[in-house]
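Same chain, two partners: subunit A is paired with subunit B first, then with subunit C.
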Partner chain A sequence: MTEEVRDNREEQAREIAGRLLTEGNVDGVLALLHVMDHVVPHLFTSREELAHLNISGHYPVAGVAERLLRRWDNNGRIAVIARGCDERHLIELAKKKSVNLDRIKIVGLACTVDEAKDCHCVRPFPTEVEVGRSVGKVDYLDHFALGELIRMDIAERRKFWTQIFDRCIKCYGCRNVCPLCNCEDCRLEEARWVRVGEIPPEYPSFHLIRAVHLADKCVGCFACERACPMGIPLGKLHQLIRDYLQSVYGYEAGRDPDERSPIQIDVGIGPDVLQGLRRGGED
Partner chain B sequence: MKTEDETKETRASEIETDVFQPRVAVFHCRWCLPDEENVRSFLPAEVAKRASFMKLNCTGRMEAEFAVKALGAGYDGVLVLGCQIGECHYRTGNEQAWKRLALLSNILALAGVYPERLGVHWADPFDEGTTKRIVNSYIDGLLAIGPFK
Partner chain C sequence: MNYKTIQSTCPYCGCGCGVYLEVVDEHLVGTMPVINHPISHGGLCIKGWAAHEFVESEDRIRRPLWKRGANLETTDWNSALYMVSERLQAIKQMYGPDSIGFLSSAKCTNEENYLFMKFARSVVGTNNLDHCARLCHAPTVAGLAKAFGSGAMTNSVPELEKASCILITGSNTTENHPMIASRIIKAREKGAFVIVIDPRRIHIANHSDLFIQPRLGTDVAWINGMMNMIFLEGWHNRKFIEERTEGFEELERVFSKYTPEKVREITGIEPDLLKQAARVYAQSPASAIVYTMGITEHITGTDNVMSLANLAMLTGQIGKRGSGINPLRGQNNVQGACDMGALPDVFTGYQKVLDPEAHYKFEKAWGTNLPTEPGLTVVEMIDAAAAGDLKALYVMGENPMLSDPDINHVREGLSNLELLVVQDLFINQTAELADVVFPAQSFAEKAGTVTSTDRRIQRIRKAIDGVGQARTDWEIICELAGLMGAKGFDYKTPIEIFEEIRSLTPSYAGITYSRLDSEELQWPCPTEDHPGTEFLHEGKFTRGLGSFTPVEWRPPAEVPDEEYPYFLTTGRVHFHYHTGTMSRRSPTLNREMASAVADINPLDAEDLGISERDMVRVSSRRGEVKIRARLTQTVPKGTIFIPFNFQESAANALTNSDRDAISKIPEFKVCAVKVEKAAARR
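After this line comes the complex of A and B, so read on.
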């Protein structure tokens, strides 16, 4: 990707944000602000600020949008410059009734191929692209050596994951960065569920409690993996779980606010649903 | 001075204590299997001694986290016993549990835990022979894969 294209996307984003602010349909535009060589999420409310709008940074802004709208009165309305993952986050939050999508105008931002590779993203584009050009669906198996994990047998995976999970310093970065990890009481902090104040966390409780809790909500943004200071490939684990739900139920989180998770609703129980479950020694 | 037979016996019991006996967390439904002693009788005596029994109002209450926590807390296997599909007191509780446990089984396999550690059986309360046979073959599976920790 060339600098020229990036500038072009940024210009496009500024132009759309400027127009939205002038028209006055929204109270602000949530996007990333370039400040002192960093990017931070920021609610742009005036055209002057837009010169520092940044679109190349990675930060899941959906959580910020949720908290922002929750604190405001019910009339506030914002626009969000959202990548594919940000949009899927917002849709999942809407399913949990954490945000009201009527109060959000999504400005779709398409990621570049490099960005998609960087995030291991399968679907680096929102439903409606307004900024940039969609690079289409990515087959991650070609790119990201997930095949290696699939080819391992159970004992090898055990060795792989125990070594990796042992690095965990329990910083809760994976949980904090995830817009969908927004439970008020978190089981990962409760002594009833995990050993508190001890590192490394016990295998497999700590990481698998989070994995099962997010299994049908994760939209595959890889923010947890990027946030992890110890390089634990949590995103890859979640990607494989997403694959399971896709193959068994044809379900993908974050696609449609009206689509409910098959794990949470009554979908009947066809034989294909049972795939992967070993029933107690049945012959 | 011990007789030869006595020495043999001591050895036999020593060997037996060395044999791995799995610790199992058993979650059972209160509608089809309300009696804990009854559930206990399905397990081999040695395993039943170390097992923990949790009575659920319905297997629909069975969260995947329960099983994960049990494995983290030192159990070698998690066994879920509930009503047969179609017989749930709350109509579909066991189906909901099944979807969740199938998902969990997949996650366990991905994370390097033998999915055989998770046993699920929908028991017919009038056919204890079958339940016992299936539970025992589940335990055999645990014996074959060995301790978790």
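After this line comes the complex of A and C, so read on.
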């Protein structure tokens, strides 16, 4: 049964991609390509390639879209075959003014129940579904693990996170894989915030800077947790923050490009500005 | 507008992680992890994520160069190739083929190492052929081959998660094999008991169940001591010893001398700690040993390796899933370079030059006469050059001017040559001395196969066209061979070369390019319907019975004295790779670490009046370096650590070239130095 749906989605996706390429209102369709036994992100620019278009893989394609459009400056328009999380990434990127949604045609792809389970997803569908059928709102969060983290008292938490962050080998995989962690000047790379050239990176600055910067942006795709070679539960950390914003402010990142974050985290403020402010205060 | 991703294998360490190279409009713009890769599982270390960054560097050599006066000047391919072919033939004629030496490369593909080997042996006619494995795992190849009949990692990286005890010794795993450390962390989460035995308190010691800090250069002593405890407590595997090994009585005579008190005296290890390690290692259902250069880079390197083999056989902790001896190989294709016979004494698949049958087989296949005696090793070639016996050296993708011990001596040797040919991506410290430099292509510009640490053969694929006029290493070798009148070098693709390799190499015989597209294959893989081998020595060792070799402890060649009162130990850092020719041209990696630091224990620093980040002068009997100090408890009092990755403070100006008698590896891990505060910083 599931297989039937899957096959159907692939055909649907190919058909839509073919139409978009023929009608000529996009320069390419960003989707996944099946090569050998692997699935990779690819920009389809001709109908011939579409036979190998695949939807089973799992790459955060919004980040690729953002990088491509930035590289091609103000030229070009692409379609993206986007799952719910991909669309939410694009919306958050638009809020950051990192992408112009007018240059992107989102082709919404609904995930299957199995795919949603794999990702601990709660919203495995985009706003408008063109490929597949939405399974509706679900809750595949790992509540047991989240509960364990939240139930710890302060001392236990400090011990747990100190130990687990001590595993970090500073691969920056969590940042690199995250479409929303796209600042050109990354604070994590600056010696004045985090000492360079050492593993594990300083606790807690490295991880807390990232957690704070993403607090109102993370859409809960869990790509960071999957990319972490050391098994640090980064996705769960972000989920706890998301839960908090949801419960206190009713805010959910990635829902609507016009919705404003209830907290202001201006990652553009660098130490120079801060120092200036401080000096101003002393004078 | 063009965006594609090409699957390849990371060009840095021997883990063999899967990468996707992102190509936009024919330029490399990024690297992404391969999600379902058996080794890297959708993760990468910082070097892997930055794998594309050096490829299109402005520093790439874009045209052939040759020496005119004191300078390297650009020339064209035909002139450069012609010049090298003429000079090699003239030198061969005048001084004989053994006046020429070849350094192959653990960064090049299997196909290229094979061709370089074929070129040295069949076109030039010498076995003076070696590569940097000599400086890392030559003792492994020698020691494990003696014990088991095969000198490679016995298990697979994914299998480490199935081990119930992992003993890490002389491996700074998180820094140098990060994606293998990832497996060890996961194994521990699943309940494996992790023991770290290392003179430095390295990162993974924080994530172990038992950390033991022996004195530098005392490995044979603690391993013998551990075996003695195991035997006296009856924790050894009697059945395994009886059925699968030979030479136990002599082993027992030696290890029984290593009483806990004697071992403490030599190593500084408390008997209780060692006993705990001995008990858990011997009694766990599946124990794995993981080691690297901390074991091998000693004058007792082969002894150390054989001692670990003794320990594994005594307890029967080998030949099972998740249990065995795992030397982690350093370079992305150092396993492959060894497999391809880029060594002075073996053809592909470790078929011995001295074996008449193998010799005949390769003469017949190549249609030439081949030299019969094993040739010179890396360090011996440098010595021969200095002595005037070696006249020409052809270096493909290596940098002995930074990687070899006692650099001043290396410079003396290289400067004494009549012809130094370097084939590389960048002008490194060795290329600066070259007469001719051929610009070669990187992993991202060519196709081929590489063999990672767990005997896993994987493909690299061309993502972009060659930078400038750079050519692939295999094409350069073929052209040169053609110019020198050799037959059998007219390959059109790497596949053709690979087909020849597998026709001559039983352990690779079942591997094909098309199988590699969809299968995970580890050698030995003798036939096309063979699934490859996950772990070695199940039921029977490659050589039949496992061989115990009793070993007595000997001190390092140079130990601290009044004049040079500190131990120096050298190694690698997480953010750079070996001599830095690639990693230091990567903005991401350079931002993390732009220069070297020497690790000094705070107690020593206090004695010496040194503060954090002070410049210090570290000197040995062979040279001196100036370097910034980092005060850290990672090193014990009395020991300094300097990474060898940085040319401006080259650890190998200090190291001792005294070497292991069997494997010829120099003692990079131990020498004596003095440390002084350098002039105050401005």
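Everything that follows uses one rule, which is that the second predicted complex is superposed on the first by the 256 of 283 C-alpha atoms of A that agree within 3 Å, B and C clash if a C-alpha of one lies under 4 Å from a C-alpha of the other, contacts with A are read in each partner's own complex, and residues count from 1 in each chain.
Everything that follows uses one rule, which is that contacts are C-beta pairs under 8 Å (C-beta built on N, C-alpha and C of every residue); 3 or more make two chains touch, one makes a residue touch a chain.
Since the model is a prediction, treat every value here as computed from it, not as a measurement.
Once the two complexes are laid over each other on the shared chain, residue contacts for A:117 go to neither subunit B nor subunit C. Look at A:103: by the touch rule set out above, it reaches neither subunit B nor subunit C. Look at A:228: by the touch rule set out above, it reaches subunit C but stays clear of subunit B.
Once the two complexes are overlaid on the shared chain, A:77 sits clear of subunit B and of subunit C alike. In the overlay built on the shared chain, the residue A:38 is in contact with subunit C alone; subunit B does not reach it.
Applying the stated contact rule after C-alpha superposition, one finds that A:57 touches subunit C and leaves subunit B untouched.
In the overlay built on the shared chain, the residue A:187 is in contact with subunit B alone; subunit C does not reach it. Listing the residues of subunit A that touch subunit B in their complex gives 149, 154-162, 187, 193-194, 202-209, 211-213, 215-216, 237, 240-241, 244-245, 248, 262-263, 266-269, 273-283.
Contacts from subunit C toward subunit A in the complex involve residues 1-5, 7, 20, 22, 24, 29-30, 32-36, 40-46, 48-49, 174-175, 178-179, 181-182, 185-186, 189, 203, 206-207, 517-518, 573-575, 588, 591-593, 597.
The touching residues of subunit A, when paired with subunit C in their complex, are 27-28, 30, 33, 35-38, 40-43, 45, 57-59, 64, 67-68, 71-72, 76, 166-167, 169-173, 176-177, 189, 196-197, 199-200, 226-231.
For subunit B in complex with subunit A, the residues that touch the partner chain are 64-65, 68-69, 71-73, 79, 85, 92, 95-96, 98-116, 118-121, 134-141.
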